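The following pair of complexes shares a single chain, subunit A, combined with subunit B in the former and subunit C in the latter.
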Partner chain A sequence: MGSIQDHIISSVHAFAPEGVLAATLLLIIVADLLPATSRPAVSLGLALGGLAVSAATVVRLPAGETLIFAGMLATDGFAATFKLVAAAVTAVVLVVSHRATDVNREHFAEYCAMAIALCLGTYVMVAAANLLSMFLAFELVSMSSYILTAHMKEDRKASEAALKYVVFSASSSAVMLYGMSLIYGLTGTLVLKAIMPALAGNTASLAQSVGVLFVLAGLTYKIAAVPYHFWCPDVYEGAPAPIAAFLSVGPKAAGMAMLARFLNEALFLPPGSPIRSGIDFGNWQTAIVLISAVTMTLGNLSALRQTNVKRLLAYSSIAHAGYMLMALAVIRPFGVTAMTFYVVAYALMNLGAFLVVIALGRSMRSEELDSYAGLGGRAPVVAVLMAIFLFSLAGIPPTMGFVGKLYLFWAVLEGKGLAWLAVVAALNTVIALYYYARILRQMFFLPAREGAGEIRVEPIHYVVLFLLAIPTLALGVYWGPLWGAISAAGTP
Partner chain B sequence: MSNILSWLTFLPLVGMAAILVIPTRLRKSTGLIRYVALGTTLGCFALAAWLFFAFDRSSSAMQFVENADWIPYFSIRYTLGVDGLSILMVLLTQIIGLVGVIASWNITKAVKGYFALYLLLQTGMTGVFCALDFVLFYVFWEVMLLPMYFLIGIWGGPRKEYAAIKFFLYTLLGSVLMLLAILALYLNMQAPSFSITAMADPANFRADGWLVRNMPTWFFGLTPKELVWLAFFVGFAIKIPAFPFHTWLPDAHVEAPTAISVILAGILLKMGTYGILRVNFPILPAETVHFATFIAVIAVINIVYGALCAMAQKDLKSLVAYSSISHMGYVMLGMVSWRNEAGLNGAVLQMFNHGTITAMLFLLVGVVYDRAHHRRIDGFGGLWAKAPVFSSLFVVASMAALGLPGLSGFISELLVFMGAFASHRVFAVIASSGIVLGAAYLLWTIQRVFMGPLNQAYAEKDAMPEISPREIASVVPLMAIVIVLGVYPAPALNLIGPTLGSLLQTMQSAAGAAILP
Partner chain C sequence: METTITTYALILALPLVAFVVQVFFGKRLPRGGDWLVIGAICIDLLLSLRVFFGALFFSSFAGTPFVWNLRGWLGDAGTGVLALSTGILVDNVTAMMLVVVTSCSTLIFLFSTGYMAGHRRYSLFFAYLSLFAFSMLLLVLGNNLIALFMGWELVGLSSYLLIGFLFEEPVVAPDIVPASACKKAFITNRIGDTGFLLGILTLFSFTGKIAYGDVFEAVRNGAFGDHTTLLTVAGILLFCGAMAKSAQFPLHVWLPDAMAGPTPVSALIHAATMVAAGVYMVARLYPLFTPDALTFIAYVGAFTALFGATIALVMNDIKRVLAYSTISQLGYMVFGLGVGAYSAGLFHLMTHAFFKALLFLAAGSVIHAMHRAYHYAGLEWNPRSRENDAQDMRNMDGLRKAMPVTFATTAVAVLAISGVPFTSGFLSKDMILGGAFAFGFVENPQHFLIPVFGFAAAVLTAFYMARLLIMTFLGTNRMAERGQEALRESPWNMTVPLVLLAVLCGWFWYNPDPTTIFAKGWVSSFLTPPASAVPQTLVAAPADAHHAAHVAAMLVSLSCAGAGFFAAWMLGRRGAISLEHWRLSGSRVYYLLANKYYVDELYNRTVVAGMVQVSRILGWFDKVLVDGVVNATGRFQTGLSELSGFVDRYGVDGLVNALAGFVRDTGNEVRQIQTGRIQNYVVYATVGLIVLIVVTGM
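Then we have the complex of A and B:
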């Protein structure tokens, strides 16, 4: 028994980032109970401080892969990269929420606490190396997401969105859990790395396929990929805009990381091992390739006719999940690195686009596409920033979105026989441009509607918009160091 | 002046930054913005003039090369350089850029945004012609797209939104295919490199790569190299625009403001043929030979179909637009004529000449539109009586377009046909009908617009004022070039000769026995 205790105690220091977040969460709740500190600014300050400290501890952790808590979590560079992204995204969302219209200021402390909990969940998700920890982290993220979606209790649309979210999430979690139980039943192990060798000696190929497919189903739900994408537009439309922004980036990035780890560690056959039909990676590759192609095409085609900007961005985020999956289909270090790079780009540009919606929300009181008419004249700075984010989402240089797409295409062309997928993605890029250009058309080509009010944007929103737009452009011109850092961090 | 090409490429960006910081509240900000734009393009023009004299006319190699690390992880480099193929296009870009600013002087809507985007466009265009690294090339190619989209969409005519998005989608479709082709080439390199010049050497490709093995694929039995060739070709053909990818052009031209039509016709169309000559020819010569007849057929369709469409137009601007399609056909026909040197030289010279001549025509159509507020050919008549200077300028420009000897269009079309008759006799005969058709639609237009009795709508004294000095200033430089090159084309031909000579050798050796009589 002593050795397990020793192991757990020695693992604790590697769990410091998550520990800091958990402490922050409690601190925010306690501070809200004391009358002297029960103010939104205090909650925000505590949350940001906690995020900063935990990000610092992530950076300071020794490099190199270690499994902690008996193989439950992996603290490798890959997880660290995603943790930093999650912390940054959470910080941006909280700063923006502080002055957003559709966030309840009376309950801002709960809001901050839940956002920190979501961030904690993503921390664990990206590090989970065991089916059990995968599921726990997955549920933590889901629970916090429902609460955040329903944060505006009086808003019927938000409540409806949250309910849809709960139902969808619960069923997909159940499916995933069932898949996990099948895998456990077949292999007798929950540790990802032990699954493949154990499966290799097994003959129940149908059960294996069903088990793995069910686990994939849960993950495609989290990244909002077809066929588990239906919740996404409704939830994004109903949720407060900052939460829609958060959900479109944070959990999706974590889902991609979890998927990459699951594919890499549980299903990827080490070179030289005997390949058996039914369980070799090739079959999962086919599944991923198909999901990827269908997701990007369906997402883009559905986005074409949207009239609500948040819904449009929701479908665009579905399509982006398809692009990212494309790189995971070629499960080799380059593909995963390309995916990670794209996640960073996506976080910047998608948060930026949503932030424009948030920043305009106060003056416009509408998220309909045609309320953006004439924005180029009414608020030129915001309109130009939005154009930068949209061009980046469309993958047009010189933006980071282009560089990200370049690497995704590159990864796919390196994979054997997948050139057609690259062509499908390329054609999708053209379709996507059409609906991004519909926003541009409203903003720049059409005159403002009569009675369109003056646009006022909070100074803090301007600051954050620029903080997102500058790297979107700068990393589109010079991205070498960032790529170096991400590829040095390694893959699972 | 070791980094003259960087200066040339990024000077407009500096001008753009200067324009962006001029506060619009300033009383004379509009004038200031215009003069900053004019100063920037004048500066570019001066640099181009220096480049013209400093260029070594005896060499076929890249000159003024700049080569620096950009993204070292994948050997993406910042490489610029010009050879005989690009120098003429770089010069043309600076000339048209300057003329376009003069023609934009009467823009009053959102002047700051207009000239900022205009200068960004110029950076993109110059960059495309100078870039020798594929990633850089692609970035400039797309950077040029963004301002064009807004320039058409914001400052354009009644159907501007449709025209703008159509232009954008068409070009993006071409460029994403091109991006895949670029990656396919890169992944087959022996040592990682995106260098356009390095890819022209077959020894730089991996012998065991799928590109070199070149086995037929499931896709209509085409080989990987042929697929790569086609991806590049479609990307460039959309820009030319080659039949059947031409439908964006009339829309974009008709809706775009005058100066932007000038740039579209003067420079952007040339990027298509430039790209084919820069990429498809040297990097995939065997496939180019394989598809040469295919290009020639498209060229003939462009020439004849474009001319027939032009004849049917009721709008002056779309007439000039369709005449562009027809004239770009000569370029394509010339560039696949390899029996003698005339074809390629004629093609590249025609790129330059078409740029100057069509720019003139668009400028003059813009002049008449500013006065009449319509462009219907049958809505004019007898304008010569009211505006003789304008009318004579228009007639000279039309004569240049229809290939009158003594004007530059004649020389390049003659060279193209000298090459084409030797290489593709049947196609050349069919294509020569384009000359007749060209004369027909241009002369008929002149007759309907300038001859005959004066249209009573313009009978009043100040109904159709004479062309203004500013407008003359925008046309005259181009006309001077057209006349000088029409009489003495050597300055242009000397620039391009050696480079095209070595390109022709590449093509002839790839074509082998097939080409020799």
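Then we have the complex of A and C:
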């Protein structure tokens, strides 16, 4: 017993980032209960402080992989990278929410607490190395997401979206849990790294396939990929815009990380392993390739005719999940590194695009595409920033989106027999260009509608927009160090 | 005097920041933000002077240039895929170029505050000036071919913007339209750049390197192996870039038209900086040029020197005379480098930058005054005639009294460009001609034409410059009575730069001894030619005869200048030589010169007309074939999306309805809790999962 206690006690140290977040969460709730500190600014300050401390703890943790809590969580460089992304995304979303129209300021403490809980969930998701911890983290993120979606209780649209979200999510969780139970039944283990060796000796191939595919299906819900993507447009449209931005980046990034870890640790063995030759990798790789191709095509085709900017961005985020999956289909560390790099790019540009919607929401009171007409003349700075983010999303140089796509395509072309996937993706980027260009056309080439009011943007929104736009451009020109750091952080 | 990367980063960043701020907020800043741009360039000048004096007095870069590398600029060192790094290289040549660029820019920017005062896009003009300064500094500071090329292209872009700055004005001088002049400059430069890029790619494909030092090292170690002809070709291709930027025949055509820009732009582009870029490039890549390539360069330069000078003889537009004179002087620098007089070529670049900037600014001052006078007198300029043309020297005469400062400073510059002793021009020109003398008469008698061209151009230079001075400032003014009253000296912010530049035309900055640059001056020890990287078997004997030829060359060039001045005096005072007579006599030579050897016409009839033909054919191809394919694709896409809509409406919805029927039957109770759509979603997702399992299972 002594050794287990020792192990747990020694694990606590590596769990510090998560611990800090949990403490912050409680602190925000307590502070809100005290009349003296029950103010949005206090909640925001506490949340940002907590995020900063936890990010600092992540950075300060010793490098190298360690498994903590009996193999429940892995604290490696890969997880650390994603934790930093999650902390940054959460901080941006909270700062933006503070002055957003569709966030209830009376319940802002609650809002901050839930955002921190979501961030805590993503921390655990990216580190989970065991089916059980995977599921727990997954549910923590889901629960926080529902509550955030329903944050505007009086708003019928938001409530409807939250309800749809809960129901849909429940079904996908059920499928995933069922898949996990099948795997456990076949292998007798929940530890990811033990699954492959155990499966190797198993002959029940249908049960194997179904188990693994069910787990994959659950993960496609989190990253909003086919077939579990249906919730995404409705929820984004109904949810407060900052939450839509959050959901499109935070949980998606965590889901990608979790998927990468599941694929690499549980299914794909490192090259050179003796056991490799006897196993058919084809099934799962084919599944990922198919999901990727269908997801990007469906996302892009559906985005073509959208008239609501938030819905359009929702479909665009589905398509981006497809692009990122493409790199995971390649059973190589390079693919995972390319995916991680793209996640950073995606976080910058997608948050940026959503933030423009949020920043304009105050003056426009509409998220319809045609209300953006003539924006280039009415609010030139915002329009130019939006153009930068859209160019980056479309993958046009010199933006980070271009570099990220370059690495994704590169990874795919290095994988054997996947050239056709690269072709599909290339065709998709052309389709995507069309609907991004539709927004640009509205902004720069069409006259403003009659009676379009004056556009006023909060100063803090300007600051955050520039903070996102500058790296989007700068990393499109000089990305070497970032790529180097992400490569050095390693893969699961 | 150690320098750090901070200095150079600051030198690069300041004009860039000024440009960005100026473009976005220039209009809102007080005084249109000119102080911001001038402040940035002034700090740059101080930093450059610090670097330069460090190099001059403390030999900071003796033997070891300052190098700083930004690793992993393209690609990354980890995977080794196209791992290229960029960086900064500073040696004596760079230090000199920094000072030339920043000092000329500072004075020209200051001058512009007077010249451009009250223009509608005043702040944008300063933004462009700042962009130009940044590009030029990037070009000079880069340590590799790609950075050089990037600076090169940015210089091209900013010169395009500046030359076309007055784009709303239909005509600024007889048959010059700003909107087409800037296009001409851009396209002509693009032709040279194509050669330049091909040269860079040739070097890269053989050496795999882009940093200057690495390329030289690789070539020295035989990267070209037996393909020395290719090295010569690469050198000539690189020189093509210089031919366009430094306006060498036959790519000189853009420069005279480029004076469509405001006069400070002409000073900045024609005189001091942009045209020097080509010369700088030849000097920077000097170790790569084989003797054959250098001979080619020398011939092009010498021919251009004479060619430009002959045209300048008969021009009447003051800025045109200066434009052709610049072409001619650039020819001097280029053939100086070509004959091996490396330090002489670079030295002339520096002295020329100062006296030519002075001449252009003085011309600007004159034009400014003439404009004001015509305006005051209510006289309109008719672009079709020379009547009331503020730039035509035949309308000037006798401005000496009204504009004493401009006159005195112009006179200094005229003496300097003609190579009269006690001026900077004497020292540098003498050095080049000495080199040419040694090269053509002493060492390689078969190339005797090079010094002959050089000396002939010297005679003509003295002649046309003296003619300019006489026609503009001497005699009695021909301005109408009323205009006379308004003729007066330009304000201080225009005259101060003139005076400062005139001071820089003195010999004493460069050498205590006004008669010779050798032995005592800092120039020949400061700008020593780099060791050639060309395989040793090809290198010609070092040209150490330059010094010996010096006295002879000096005597010849002095008599050349004297002859030129005498002829101009005959023209002006005595009327013994009259260009007007020459014109009236219908001499073919006169018309050949006045029409600039019909080079423009030749290009229009052949290259331009050919391109128009080709583009017509391509246009047809585009309209009929490409558009056809595109339209067909478009129709196909529309059809596809209609099909998809159809499938969505009937297929998917039908399926949903069918499934919904199934669900309705099995759970009517559940249906009442759930909304219709979420139910559908779950069904879709489940069906999708089943399809996935089936497909992967197969």
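What we mean here is this: the second predicted complex is superposed on the first by the 482 of 492 C-alpha atoms of A that agree within 3 Å, B and C clash if a C-alpha of one lies under 4 Å from a C-alpha of the other, contacts with A are read in each partner's own complex, and residues count from 1 in each chain.
As a working rule, a contact is a pair of C-beta atoms (placed from the backbone, for glycine too) under 8 Å apart; a residue touches a chain by one contact, two chains touch by 3 or more.
In this text the structure is predicted, and so the values were computed from the model without any measurement.
Steric overlap between subunit B and subunit C is present once the structures are superposed on subunit A.
Of the two partner chains, neither subunit B nor subunit C is touched by A:22. In the superposed model, A:452 lies in contact with neither subunit B nor subunit C. By the touch criterion stated above, A:396 is placed in contact with subunit B alone, subunit C being left untouched. In the superposition on chain A, A:480 makes contact with both subunit B and subunit C. Contacts of A:291 after superposition: subunit C is touched, whereas subunit B is not reached.
In the superposition on chain A, no contact is made by A:198 with either subunit B or subunit C. Contacts of A:53 after superposition: neither subunit B nor subunit C is touched.
When both complexes are overlaid on chain A, the residue A:427 reaches subunit B alone and has no touch with subunit C. Within the superposed arrangement, the part of subunit C that overlaps subunit B, taken from 149-157, 437-445, 491-499 or 635-643, is 149-157.
When both complexes are aligned on chain A by C-alpha atoms, subunit A residues 478, 480, 483-484, 487 touch subunit B in the first and subunit C in the second. Residues 376-377, 380, 391, 396-398, 402, 406, 409-410, 413-414, 419, 422-423, 426-427, 429-430, 433-434, 437, 440-441, 444-446, 478-480, 483-484, 487 of subunit A touch subunit B in their complex. By the touch criterion given at the top, residues 70-73, 110, 113, 135, 138-139, 142-143, 145-146, 149-150, 153-154, 160-161, 164-165, 168-169, 172-173, 176-177, 179-180, 183-184, 186-187 of subunit B touch subunit A in their complex.
If you check the complex, the residues on subunit A that touch subunit C are 160, 163-164, 167-168, 171-172, 175, 206, 209-210, 213-214, 217, 226-228, 230-231, 234, 283-284, 286-287, 290-291, 301, 304-305, 478, 480-481, 483-484, 487.
Residues 70-78, 641, 644, 674-675, 677-678, 681-682, 684-689, 691-693, 695-697 of subunit C are the ones touching subunit A in the complex.
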